[in-house]
Amino acid sequence: MIVITGASSGLGAALAKCYAQDNEALFLNGRNAQRLDRVAHQIQSKKPIQAHVANLSVPNEIKGLFDALPQAPKMLLHCAGSGLFGPIAEQDPNEIKQLIDNNVTACILVLQEAIKRYKNKPLTLVVVMSSAAQTAKANESTYCAVKWAVKGLISALRLELKSSPIKIIAVYPGGMNTDFWPTSGKALDTSSFMQADEVAYMLKQALISSDNGYISDISIDRG
Amino acid sequence: MIVITGASSGLGAALAKCYAQDNEALFLNGRNAQRLDRVAHQIQSKKPIQAHVANLSVPNEIKGLFDALPQAPKMLLHCAGSGLFGPIAEQDPNEIKQLIDNNVTACILVLQEAIKRYKNKPLTLVVVMSSAAQTAKANESTYCAVKWAVKGLISALRLELKSSPIKIIAVYPGGMNTDFWPTSGKALDTSSFMQADEVAYMLKQALISSDNGYISDISIDRG
Amino acid sequence: MIVITGASSGLGAALAKCYAQDNEALFLNGRNAQRLDRVAHQIQSKKPIQAHVANLSVPNEIKGLFDALPQAPKMLLHCAGSGLFGPIAEQDPNEIKQLIDNNVTACILVLQEAIKRYKNKPLTLVVVMSSAAQTAKANESTYCAVKWAVKGLISALRLELKSSPIKIIAVYPGGMNTDFWPTSGKALDTSSFMQADEVAYMLKQALISSDNGYISDISIDRG
Amino acid sequence: MIVITGASSGLGAALAKCYAQDNEALFLNGRNAQRLDRVAHQIQSKKPIQAHVANLSVPNEIKGLFDALPQAPKMLLHCAGSGLFGPIAEQDPNEIKQLIDNNVTACILVLQEAIKRYKNKPLTLVVVMSSAAQTAKANESTYCAVKWAVKGLISALRLELKSSPIKIIAVYPGGMNTDFWPTSGKALDTSSFMQADEVAYMLKQALISSDNGYISDISIDRG
């Protein structure tokens, strides 16, 4: 079974469709029940598709999510996150706190709970960040902050988990043509950006392992 | 005038003493009124030393702090922060949230308010991080996360502020022999670590600018 | 047509076999004629397999190689390189110079010639480095130096080539069980390392592009 | 005694003047005898100033240089280096090889010889790179390559030398108004760049150590 967070839109939803085509059992998480249900119902699969609403910055809701899993997943794709852009002086402090909750707090708490429960299992944790985790950009200061946080978290966890069968895979996609932009306050013509479906397809293809190795870091760029 | 956050202990307190010896007017911030007052009273100076208690993860308290400044500061030394260590599975979610508030939220909001108010002034913003912002370490996953966040923030803000006279200086100190360790849950023999006074002295010496340049990034290591 | 440098052994040879199975026309380069021929003859393909010996740190030999190409390639996989390990004080200066020639000079000159000739063509340049390009390791100082050089080169070239259809893909494989180790002076039990065939297979799968994007950076780790 | 490489011009010459004012005994190295002598004669000092011509990419000349030292130095400032700029397609392969020799080979061989001879001495090795070692820039691809190489070398050597009293200090200066630019083929108005004297002064001030620590990394930027 594969768990996908942030599955109610964007890359998370596209990955859900992609993996359903392979007839994988899916456990989808999102914050918005209506949108999550819509995604779950669009998916055609011979295997069960479960949807579970949870706010991932609330520890109890994360526990609820993991308690609801029918079995230990083989992969968890953490796609949940949100954006916030523009000059720092113009950003609303409450929106900044929301950005931190959605991207830093949620990711730490999700990985923590997965590691607590499955430390001795061959679980693959795929963490979707952004090219902004690798390259600083003007007018993306707070977004860079939350994405670099996740990169630092993963870098340290890989050292901590050296003797665990858990693998952490870091994914850095460039800009996609999704709802992400209008909801994060950046007016952009994103028509030449990558489609979420394209990125989902490339990512699924690149998530490869062999007997003695695996692809651990993947950047996906426009161009 | 120089503003120092996190001045009630550790490197912030040591920097306050250091700059007072140069007879700089100081504006000290801390979360704990009693400890902040004790530091303020220990300092000998011919110039005014003001102490202002504020929780830097609360937007209104940050506004209060900046409103209380008698003039535009020439330098702001952001030393406030806290630690949290150990395997991620053993960390308390509420302490993780506190760690994020103290290190990510506070730093973003302090820099935001300074930039809002002084964008056209030759203000020097000195942001004290940690060697953990540069090197990932096992059992420091959440601490690395919050410190990498600050590094990402600064990297992007430098691009955003290219045409502003504000300078941002990044400081990466290694382990010091301070209260930081006992309060962050890491039992360590820190007797061979750097003393806060040593680091404060080196940092003050290294914060140099000339007509056409300045020292922008400073790492201070044990050894 | 696909050009593969360093095709006479290791990952280069394994990639040659991999792409031959897809019936791609191949143009293989190596320094050692005998070993390169052996690889070329082992490969089964319906398409032409050409072998061309050249020392890639000699500008004229690189020109010769590109002059010999029957057409503009769609992809160039630069796998050529060598290793050198151990405490720096014990390394032979002539072997260090060889290491620099094989890894820095050769890579710069190959990319330079490709860019000179095909700047306006949709060429994909795949540059195979090492996990040592990302993480410093004790007793790998000179090897890290030459691999970080290539990473710096690529990072700058991507900016320079922003308006060119050329794509540069960075590949960072971890340790493989190949001839690389015995020839680079490091006595290691590499039996649990990745096989070159495994890495070649994963890399080929991950070299994906879509209408609006492509996978630009790929790390492949043991585990 | 302090050894300074690349002392015949630019930052190396400026550092020589700076340290002479502190009455430090100096041992200056350069490639050009005439220019090196001119610098040595301009310097006023009560302590001996020796000048030694050597090409640092030639192992025997490096041995000659270290053999000529009258005693173990306390500090070695490695300033030698050269630049090469412009689109990669327009660079001359022989000039690229010169660039690699001057910056990668020379630095490796100098550090190697110093470590061979003084592994158990409290020697401070100061390696001057460039801001191009930290940030990739278009049309500086080969220059970035050689500077990133040095950064990788230092990062690995620090791990290798953990139990040695040798310290390696990394210095990243931004653009200076020196002969460097005209000789590296980049036509620039550098009148607002930092003067070598300014950078030398700031660097000397920042090269601070205390009982338990030292400043290990220093970036110096324009602005």
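The chains carry the letters A, B, C and D, assigned in the order they are written, with residues numbered from 1 in each.
In this text, a contact is a pair of C-beta atoms (placed from the backbone, for glycine too) under 8 Å apart; a residue touches a chain by one contact, two chains touch by 3 or more.
Fair warning: this is a prediction, and the values are worked out from it, not measured in the lab.
Asks: Starting from the Cα centroid of chain C, hunt down the chain whose centroid lies farthest away.
Replies: B
Asks: Round to the nearest whole Å and give the separation of the Cα centres of chain A and chain C.
Replies: About 32 Å separates the centre of chain A from that of chain C.
Asks: Scan chain D for residues touching two or more other chains and write them down.
Replies: Not one residue in chain D touches at least two other chains.
Asks: So which chains end up touching which?
Replies: A-B, A-C, B-D, C-D
Asks: For chain B, which residues count as touching chain A in their complex?
Replies: Chain B reaches chain A through residues 59, 87-89, 91, 93-94, 96-97, 100, 104-105, 108-109, 111-112, 115-116, 119, 133, 136-153, 155-160, 162.
Asks: Considering only the defined contacts, which chain A positions touch chain C in the complex?
Replies: For chain A paired with chain C, touching residues are 167, 172, 174, 192-195, 198-199, 201-202, 205-206, 208-223.
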